[in-house]
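Lettered A, B, C, D, E and F in written order, each chain numbered from 1.
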Amino acid sequence: MKYIDEYRDGRLAKDIARQIAALADPAQSYHFMEFCGGHTYAISRYGLEDLLPANVRMIHGPGCPVCVLPIGRIDAAIALAMRPEITLCTYGDLMRVPGSNGSSLLKAKAAGADIRMVYSTLDALRIAEAEPDREVVFFAIGFETTTPPTALALKAAIAKGLGNFSIFCNHVLTPAAIQNILESPDVRKLGTIKIDGFIGPAHVSTVIGTEPYEFFAEEFKKPVVVAGFEPLDVIQAILMLVRQVNDGKHEVENQYIRAVTTFGNEKAQAEVADFFEFRESFEWRGLGEVPYGALRLRPQYVAYDAEKRFSMVTPAAKDNPACECGAILRGVKKPADCKLFGTVCTPDTPMGSCMVSSEGACAAHWTYGRFREQARQVDVGRAVA
Amino acid sequence: MCLAIPVQVKEVLPDNIAKVTLDGVSKIVSTALIDDVRPGDYLVLHVGYALAKIDPEEAERTLALIRQAAAMGDAA
Amino acid sequence: MKAYRRKLDVANGRVDLSHGAGGRAMGQLIEGIFHKAFDNDWLRAGNDQSAFSVPGGRMVMTTDGYVVSPLFFPGGNIGTLAVHGTINDIAMAGAVPLYLSASFIIEEGFPFAYLERIAQSMGAASREAGVPIITGDTKVVERGKADGVFISTAGVGMVPDGLDLRSDAARPGDAVIISGSIGDHGVAVMSKRENLEFDTDIVSDSAALHGLVADMVAAGGAHIRLMRDPTRGGIAATLNEIASQSRVGFRIDEDKIPLKPEVAAACEFLGLDPLNVANEGKLVAVVAPEGADAVLATMRAHPLGSEAALVGHVVADDNCFVQMTTSCGGRIVDWLSGEQLPRIC
Amino acid sequence: MKAYRRKLDVANGRVDLSHGAGGRAMGQLIEGIFHKAFDNDWLRAGNDQSAFSVPGGRMVMTTDGYVVSPLFFPGGNIGTLAVHGTINDIAMAGAVPLYLSASFIIEEGFPFAYLERIAQSMGAASREAGVPIITGDTKVVERGKADGVFISTAGVGMVPDGLDLRSDAARPGDAVIISGSIGDHGVAVMSKRENLEFDTDIVSDSAALHGLVADMVAAGGAHIRLMRDPTRGGIAATLNEIASQSRVGFRIDEDKIPLKPEVAAACEFLGLDPLNVANEGKLVAVVAPEGADAVLATMRAHPLGSEAALVGHVVADDNCFVQMTTSCGGRIVDWLSGEQLPRIC
Amino acid sequence: MKYIDEYRDGRLAKDIARQIAALADPAQSYHFMEFCGGHTYAISRYGLEDLLPANVRMIHGPGCPVCVLPIGRIDAAIALAMRPEITLCTYGDLMRVPGSNGSSLLKAKAAGADIRMVYSTLDALRIAEAEPDREVVFFAIGFETTTPPTALALKAAIAKGLGNFSIFCNHVLTPAAIQNILESPDVRKLGTIKIDGFIGPAHVSTVIGTEPYEFFAEEFKKPVVVAGFEPLDVIQAILMLVRQVNDGKHEVENQYIRAVTTFGNEKAQAEVADFFEFRESFEWRGLGEVPYGALRLRPQYVAYDAEKRFSMVTPAAKDNPACECGAILRGVKKPADCKLFGTVCTPDTPMGSCMVSSEGACAAHWTYGRFREQARQVDVGRAVA
Amino acid sequence: MCLAIPVQVKEVLPDNIAKVTLDGVSKIVSTALIDDVRPGDYLVLHVGYALAKIDPEEAERTLALIRQAAAMGDAA
């Protein structure tokens, strides 16, 4: 697979890792946050942690749109889907996300809700056209990457005069979240650790470009390397971050230059701007309220806004108080530090947001990496015995 | 986040639609977010929409940098 | 004065409720489509059950329900699956499959033409495998209470003397062998699903494995610990099942797992892991180390095992982890959580 | 670090698509409901097939799909039927039923509580009959693509040495014996159908007949030509099937056919002929004249045959007519044409 | 079963048959037509023909509402049912009635039409109430017996304001048909045989009484005995007819006096009159056009008349030309005289109207009585051989 | 034509509804076409509606006539 296989070469990855080890100052530690779930996934899936020296540590950020969706939004979607006139279209990722009281879209479907999994917003549009008697609602989630397809669907629905199509908008914004991680008042409550740099999003950046990260790099004096999602992309980005730290720099670098430009896809940005506007504040699961952290439909498209059209309310719903997602998403704790991890909380029965999608920090660690804890525990156990 | 893959344009169809392939698997996708799509182009595909073009020269440059870093590591 | 029977209009007709009501219409459907396609004297005898003689010894019995959608896909259809799948479950015990039964649950309105095509495929698959379908049943349910047709097959087979393959038999050090490339069936089926449609030349690997198994047993019977066909849930589910039943772990090597580029590409499109994708003509064998080479060589000499590969080993692990070495490091291979869904992220 | 599993919420939970996907949720459903209910080591071993030993000789195999609606009815449910029906098809060969398989096709949304109730009934029926369910399969299909649950069971049994019952064995002069009153099952099920609802104390006769059959074989094995359980299509279909397979006719006596007054009354309400109504715990035996008395006496001594009756004889008839003497004269008993529908006229 | 079992006593039937044999003049033959399928069914089902002397012969009349429905009406119902918005409710009897080209409601249902079998008009009403988005059409057939329940359903629908309920009316009238059999111009074409008397309908007469038959008895000089549907009722009625013939009488007698009065159920008649009016002419399958042979909804209920509401057309459709139903229904021929009988035409594959319902002359003979032909043929064969 | 059976009224319910039985089988039916329905009455039931009352005396009289004719036949 061109542009995939070349970037998965394990030998090169190991060589670069050796170079990282050679460059990393043994007297100091390097903490880098990969904001995106895509990077978290690559790190876990390919076992990149095994290659890094002990003093280079990756902190998994909140960058998974499924994980960050608050329970209340899931509850609202379920309540909507249970209405007999509604057909709720959703990406498969959302089906198993837990709402309150063990509910989920998968279970709502089993209980009779008309919920259809779609691969693309185009499928949702097709359903709305084919079944004019149904109220077809597209459950829109995703970062900047996924928003333009929603905008185009809305545009097409308007062009076709599809009166039975609407959008439950949950699109969220990356820069706002990164900023929140660095400056939110919660940081004090949860404690924080030093973050020495960021790996910036791959596909979000194809849309928004590298320019939006300049502010952080400057304001918080942190290097940012925008990187692709393949293992070599990630390991190269880590090398670039180590170099910046060693050089005392805090620049925005672009490792994913084959697909990301400085200003991104301006056509896509324009489509989004036509239909969406900022929300003043939006709850991110695990992060709390994030100012300007999400989008909603512009007022002139109220007829297509499912929240308005169906007077949806987002019930207040609490995460499990034992869940450490907040601290994990800020790098203060690791998944295995949570006492629910791997006991009551697993991908089959997720309790917190980080266990929801395979890109969540806890899920990635459970699915791909938990043998490491185990190996450590076993080793410790043997040493003690 | 954001599962996206590099695909090659096989055929440009009317109405901002293209047939793209990845290793013998082909699919019809929307290119409404991209200008000047041509057969042979590589695109980044996400939920049925192309989001960006892949720049072959930059891709080669990145790989060269990676190999260079690796060579240094190998030597290390 | 024998009642004249109008010929089944196979080209244009449809199954209606009378075809499941136990009267003449049902008899005609069964004879005109199933008996014709399966073509053996057991069925023609028209008993409620069919008889056969066995020499005495250990037998196995298995069943599976087939509900695949779409019913027809590149490389097969629900009928070929229903024959191959049940033969394979018998073969996984190292047994020689002898006979099959088939229970059809048909949705009112299902075209005769489809039913005949499915039945003909089943007949051909069963003849090719040498495993006749000797007894069956037909039910018709109202429109909207099934999905075209469901088929449940059961099968019996005879275990060669002295062979006892069991899911708890894997031991640390055993070799793990896969008979060929993974994920072909699942990708072929998904390529025809509404909303997912993509084009690929991949065809289902649906095949009856008892011939391959017979060769393996002949070559290394005493060394084979157990076999499984990695169907639903793919290789990942199969290895995890064995691990937990045998209380062992696995260490496998990603690079060694046979995988077609098109299957890998389709999985990239859909956000799926090929290890979770279903196979219908592949087996995983756990073999004592001293027998691994012989078994592998025998497999490679069989057309259904020409791409067989030794992909890893059993390790001692109280946690029953299936660990996999990747190009860059290591990871766990876990069961899939929930349905196999295309993902966006 | 073993994964904690939340208990199946049997009281309130429902089957969703993840329960059919081959992952942990499916394993939990199978263990938590089916293994618990069927309770045997074969299932717990978790192999793709189950093994057993046989002494050698003639065996029989059969299958049936169960799609009854409603799923629960007076005297049983789809699960008891699935056990009894398949045991009975084995027993009709005079065979001793040994093992069953069960394939479940479950509609998304089906309550765990119903599934458990059905599985428990199956477990109880199989234990009572001494015929374990040793292998199975579970599939889940989307809402609207099934009707709650469908069950296909298959079974195997061993035929006593020297016995060979076949549907073409009836000879003129043979006696026709029915083991008890007809139509109970069909009426019990119809009494709960939407739109037909009527009240009656009639319960389904669903029962496993192999004990009765064993007694019959012991008492008059050499004289028994064949047996059939008159299920779908009732006595009328069964006699017509035998007639055409044996190329004979029947002459039976309406007055001698055991029929409960409530069943007769329900048939009057619905415009149905009790001869067309299904039974699930009755058999029809064709017995050589010299053995008829002994077989009948043995049947009457068994609780499931206490109302057994000799209802007529086989006659030579190239037309294979089933003729019945009525109170006033004679008539033919024919297959039912089409579905069994309530009639207005 | 009280009022059933007593009337099925075979010993009594045989004794009465002997009395008939004793009274029947050996020098003459007696041809009686049972108009009703119910009587045809009883005669066949209980084998009453076996009891009668050779010179007393029963002729099976057209009295089965299923059998007499013209192919075109079935075709029209099928066309209606195939419309996506329509739910067609029907008694089970109609499901297998053949329309043109091997079609039937059963096959239309298999092909996707929403057709529901009901036990009562009440069920159809319930469906209309429960599914307000469906256009629920009740396929009304039947003689005077079955018409009052249709009238009550219509009354209830109006009272409940059920705008989605309507009736495809095919109710036909008994006296018109009997008159047609005796005087239609077809009789000349088909030939006819002497009919010495009629057994009059049982349950039709519970509604209309015995009075309407007075006209025939008088006009055509034919005795009429209204009789119940049990075998003793029938055999007694035959005895009564033999007596009348012997006595040269042509009166209306009432054997079914336990349920039938002279003027019938006047309440039911009034309900019918409120909603229905005569059709000037209506085709009866096997009989052709019968003047005033059927009912339709009164014009004020046009909204409930499916024929009007859905602009239904009854296509011209021909019966199989080889079918002898017309002659059989007039007693000119017997089922076995038709060359299609038992070959291409059986209850599983009916070609003509008489093979459709189990009360049709051909179907009853096939299902219950065909062994008699066979016995005769076999006897003849043996004699020849 | 016109399948109809004699049933006995068990219970008269509001709105012209009655519970009727035949040999241990009972059903809810409409009596809207009949006046003065009382428990114990026998009715002729057709497609869920009672069409007529059965007159027990006439029924007995009919049976008596039948028996009388039969006796004559028996003698014959």
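In this section, a residue touches a chain if its C-beta (ideal position, glycine included) is under 8 Å from a C-beta of that chain, and two chains touch if they have at least 3 such contacts.
These figures come from a predicted structure and were not determined experimentally.
> Touching chain B and chain D alike: which chains?
A, C
> Enumerate, in label order, the chains that touch chain E and chain F alike.
D
> Going by the contact definition above, tell me which chain pair has the most C-beta pairs touching.
The largest set of C-beta contacts joins the chains C-D.
> Most remote chain relative to chain F, going by C-alpha centroids?
So the farthest one, by centre of C-alpha atoms, is B.
> Quick check: how many Å separate the C-alpha centres of chain A and chain E?
Whole-Å distance between the two chain centres: 73.
> Where the centres are mean C-alpha positions, what is the separation of chain C from chain F, in Å?
For chain C versus chain F, the centre distance works out to 61 Å.
> So what's the Cα centroid distance for chain B and chain F, whole Å?
Their C-alpha centroids are separated by 83 Å.
> How many angstrom lie between the CA centroids of chain B and chain E, rounded to a whole number?
Here chain B and chain E have centroids separated by 75 Å.
> Send over the residues of chain E in touch with two or more other chains.
1, 4, 11, 13-14, 37-38, 64-66, 91, 96, 106, 119, 123, 142, 146, 346, 348, 359, 370, 374
> Where in chain D do residues touch two or more of the other chains?
1, 17-18, 23-25, 261, 264-265, 268, 319, 337-339, 343-345
> If you look at chain B, which of its residues touch at least two other chains?
Counting only residues that touch two or more other chains, chain B contributes 1-3, 5, 22-23, 46-47.
> Determine which chains touch and list them pairwise.
Chain pairs that touch: A-B, A-C, A-D, B-C, C-D, C-E, D-E, D-F, E-F.
> Over in the complex, which chain E residues touch chain D? Could you list them?
My answer: residues 1, 4, 8-11, 13-14, 37-38, 44-51, 64-66, 91-93, 95-96, 106, 117-119, 123, 142, 146, 231, 235, 346-348, 357-359, 366-371, 374.
> Under the definition above, what is the set of chain F residues touching chain E in their complex?
Answer in residue numbers: 1-6, 8, 22-23, 30, 32-35, 42, 44, 46-49, 51-56, 58-59, 61-63, 65-67, 69-74, 76.
> Report the residues of chain F in contact with chain D in the complex, numbered from low to high.
Per the touch definition, chain F meets chain D at residues 1-3, 5, 22-27, 46-47.
> Where on chain D does chain E make contact in their complex?
Touch list, chain D to chain E: 195-196, 261, 264-265, 268, 270, 319, 321, 323, 325-332, 334, 337-339, 341-345.
> Tell me, which parts of chain D touch chain C in their complex?
Against chain C, the touching part of chain D is residues 1-2, 17-18, 20-26, 45-67, 89-90, 92-93, 95, 99, 101-105, 134-139, 141-142, 144-147, 150, 152, 154, 156-157, 159, 164, 166-168, 228-229, 231-234, 237, 241, 245, 278, 319, 335-340.
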